[in-house]
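What follows is a pair of complexes built around chain A, which joins chain B in one and chain C in the other.
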Partner chain A sequence: MIGIGLLLFLLLTATGILLVRNLFAVVILSGIYSLLMAGTFTILDAVDVAFTEAAVGAGISTVLLLAALGVVGQEDRGRNRRALIPIAVVVLAGVMLIYAVPEMPPFGSPEAPIHVHVAPQYIEETPSVIGIPNVVTAVLADYRGFDTLGEVTVIFTAGIGVLLLFAGRRRKYK
Partner chain B sequence: MSEHLILRVVIKFLIPFIFLFALYVQAHGDYGPGGGFQAGIIFSVGFILYGMIFGLQRLRRVVPPHLILALMAFGLLLYTGVGFATILLGGTFLDYGYLSHDTVHGHHYGIFLIELGVGITVASVMIAIYQTFTARAEETTDENVGTG
Partner chain C sequence: MSVLGNFNYVIAITLSMIGLYVLIERGNLIKKLVGLNVFQSSVFLLYISMGKIDGGTPPIHYEGIAPFSNPLPHVLILTAIVVGVATLSVGLALVIRIRDAYGTIEEDEIQALDAESGGTE
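And then the complex of A and B:
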């Protein structure tokens, strides 16, 4: 029941983001969207993902986007063009996704492919081999340590990229 | 700045709790939701709040840009350093079991260290991006004031 309400608000927020022209309102609405997503993840018992979504999506991205608005201004100055080809692509992709839904295993099914691959081994081994209660942390930091290293490298590269871009522009002005 | 009196007082009270919560999330990732990534974000929010209320100049005095730059690299190096340490101790890359005589303890140390690396890099990158954006915004407003 709460899930349906959350999805309804998600839909309203997304429509609002599409229609509103003021960028400040768009940033705040996308923050709300992330918070609603965090609520949805909590209902799905994915608390680690919900925590990340609340901290990153609703928290820091909103703040960083507001800081970016300080640079570019609040008004969307782009022309209001008709976007027929993008709409066609989005509708086509949406129809294909909906077409694929009946082929998916039922929600929460223990026979779903994702639950019969390596997940049972991780859940079984974690208490004895790694010895920590949170299996999500064990997977992220230990079994999939390479992926997390890659993610940290991505964040590092993003930071360096922003610094380089802005440092280059400033030198040009002076 | 005097119109932000209430915000200034409240933020000063809040910042220690934000840092404390970030440290809790950092250290408690093994037991509950959270970990280095979320902790890094929350930690950076403490500094960004400070910068929003007291201005970029004072934030730069608290965390100088060259320190942020060094910490960005340090977190990533700590992570990869753990990987190379496990190679030197006889295992494969990021095979934490070799970090201690007891394999389970080795995994504990490994996860703690790499989560610390993640937290440091994430926090410093977020602060760096915020500092860069606000510095740029202040420059553009200065230019506008100058021409207008």
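And then the complex of A and C:
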């Protein structure tokens, strides 16, 4: 029940992001959205993801967005395109995806294909092979350590990108 | 299974469509980035929902508690969240540079300024 409430609040917050004009309010709403998402993740048993979403999504993202707002100002002049094409694209894609939903394995079913492939092996082996109780950490840092190395490379590249973008900064407008 | 039984998936799809709409229709660049964030998070919700098992617990071994929810989507999404912030920071840096160069972060005003100065420059 709490889960359904959180999901409905997520929907409300996203609608708020869509409709609100003031960018400061939009940024705060996006922080709330991330926090609600972290709560949902906790209910769905993904505690590690919830930690990360709360710290990185609700924390760092919001701080970065606020820092950017400090430079660019917080008014959205509301020049939306009002064309028919975006609505058509979004509705069409949404209807097609929802049409596919009944074909998904039932929510929470232990027999879904995702649960019978390699996951049981990871869960079973982790205490004896890796020697730590947390399976997510074991997969992240050991079984799929190269993935994590790739992730770190992406962050490093993004850091260099941001530094380069600010390196030759000349202000034409104040 | 009915659509209602897969409520989480329906919400994830609705959220992603709201995010996509903000991303392609709103003219303000900051708002576009927030829309991208909503879009991303909705995909995270889809993945994590797929990993849930009824009566499952977080995948941490402790005195024989079982069953565990699937840890693999959690690992993928942990990576994706961090990469999402990296994308966001580069995007925001670009927005700030655009604002430096054009004095505005509204897409149509930028396009108008480009058209005035000869298009291809």
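The rule we apply is simple: the second predicted complex is superposed on the first by the 166 of 174 C-alpha atoms of A that agree within 3 Å, B and C clash if a C-alpha of one lies under 4 Å from a C-alpha of the other, contacts with A are read in each partner's own complex, and residues count from 1 in each chain.
Just so we're on the same page, a contact is a pair of C-beta atoms (placed from the backbone, for glycine too) under 8 Å apart; a residue touches a chain by one contact, two chains touch by 3 or more.
Values in this document were obtained by computation on a predicted structure and should not be read as measured data.
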| After lining up the shared chain so the two structures overlap, which partner does A:G131 touch, if you call chain B first and chain C second: first, second, both or neither? | first
| task | Examine A:A88 and indicate which partner it touches, taking first as chain B and second as chain C; both and neither are also allowed. | result | neither
| Does chain B (first) or chain C (second) touch A:V101, or do both, or does neither? | second
| Now for A:I155: first (chain B), second (chain C), both, or neither, which partner does it touch? | both
| task | State whether A:H115 touches chain B only (first), chain C only (second), both chains, or neither. | result | second
| When the two structures are overlaid on chain A, which partner does A:I2 contact: first (chain B), second (chain C), both, or neither? | neither
| task | Scan A:L140 for contacts with chain B and chain C and give back first, second, both or neither. | result | both
| By residue count, is chain A touched more by chain B or by chain C? | C
| field | Contacts of A:V56 with chain B and chain C, given as first, second, both or neither | value | both
| query | Which chain A residues are contacted by chain C in one complex and by chain B in the other? | reply | 47-48, 52, 56, 60, 64, 67-68, 71, 133-134, 136, 140, 148, 151, 155, 158-159, 162, 166, 169-170, 173
| task | Write out the stretch or stretches of chain A touching chain B in their complex. | result | 47-48, 50-52, 55-56, 59-60, 63-64, 67-68, 70-71, 128-134, 136-138, 140-142, 145-146, 148-149, 151-153, 155-156, 158-160, 162-163, 166, 169-170, 173
| note | chain B contacts chain A in the complex at 29-35, 37-38, 41-42, 44-45, 48, 52, 69, 72-73, 75-76, 79-80, 83, 93-94, 96, 103-104, 107-108, 110-111, 114-115, 117-118, 121-122, 124-126, 128-130, 132-137, 139-141
| request: Using the touch rule from the top, collect the residues of chain C that touch chain A in their complex. | output: 1-3, 5-11, 13-22, 24-28, 30-31, 33-35, 37-38, 41, 44-45, 48-54, 56-62, 67-75, 77-79, 81-90, 92-97, 99-103, 105-109
| remark: The residues of chain A that touch chain C in their complex are 3-4, 7, 10-11, 14-15, 17-18, 23, 26-27, 30, 33-34, 37, 40-41, 44-49, 52-53, 56-57, 60-61, 64-65, 67-69, 71-72, 76-81, 83, 86-87, 89-91, 93-94, 97-98, 101-102, 104-110, 112, 114-115, 118-119, 122-123, 126-127, 133-136, 139-140, 144, 147-148, 151, 154-155, 157-159, 161-162, 165-166, 169-173
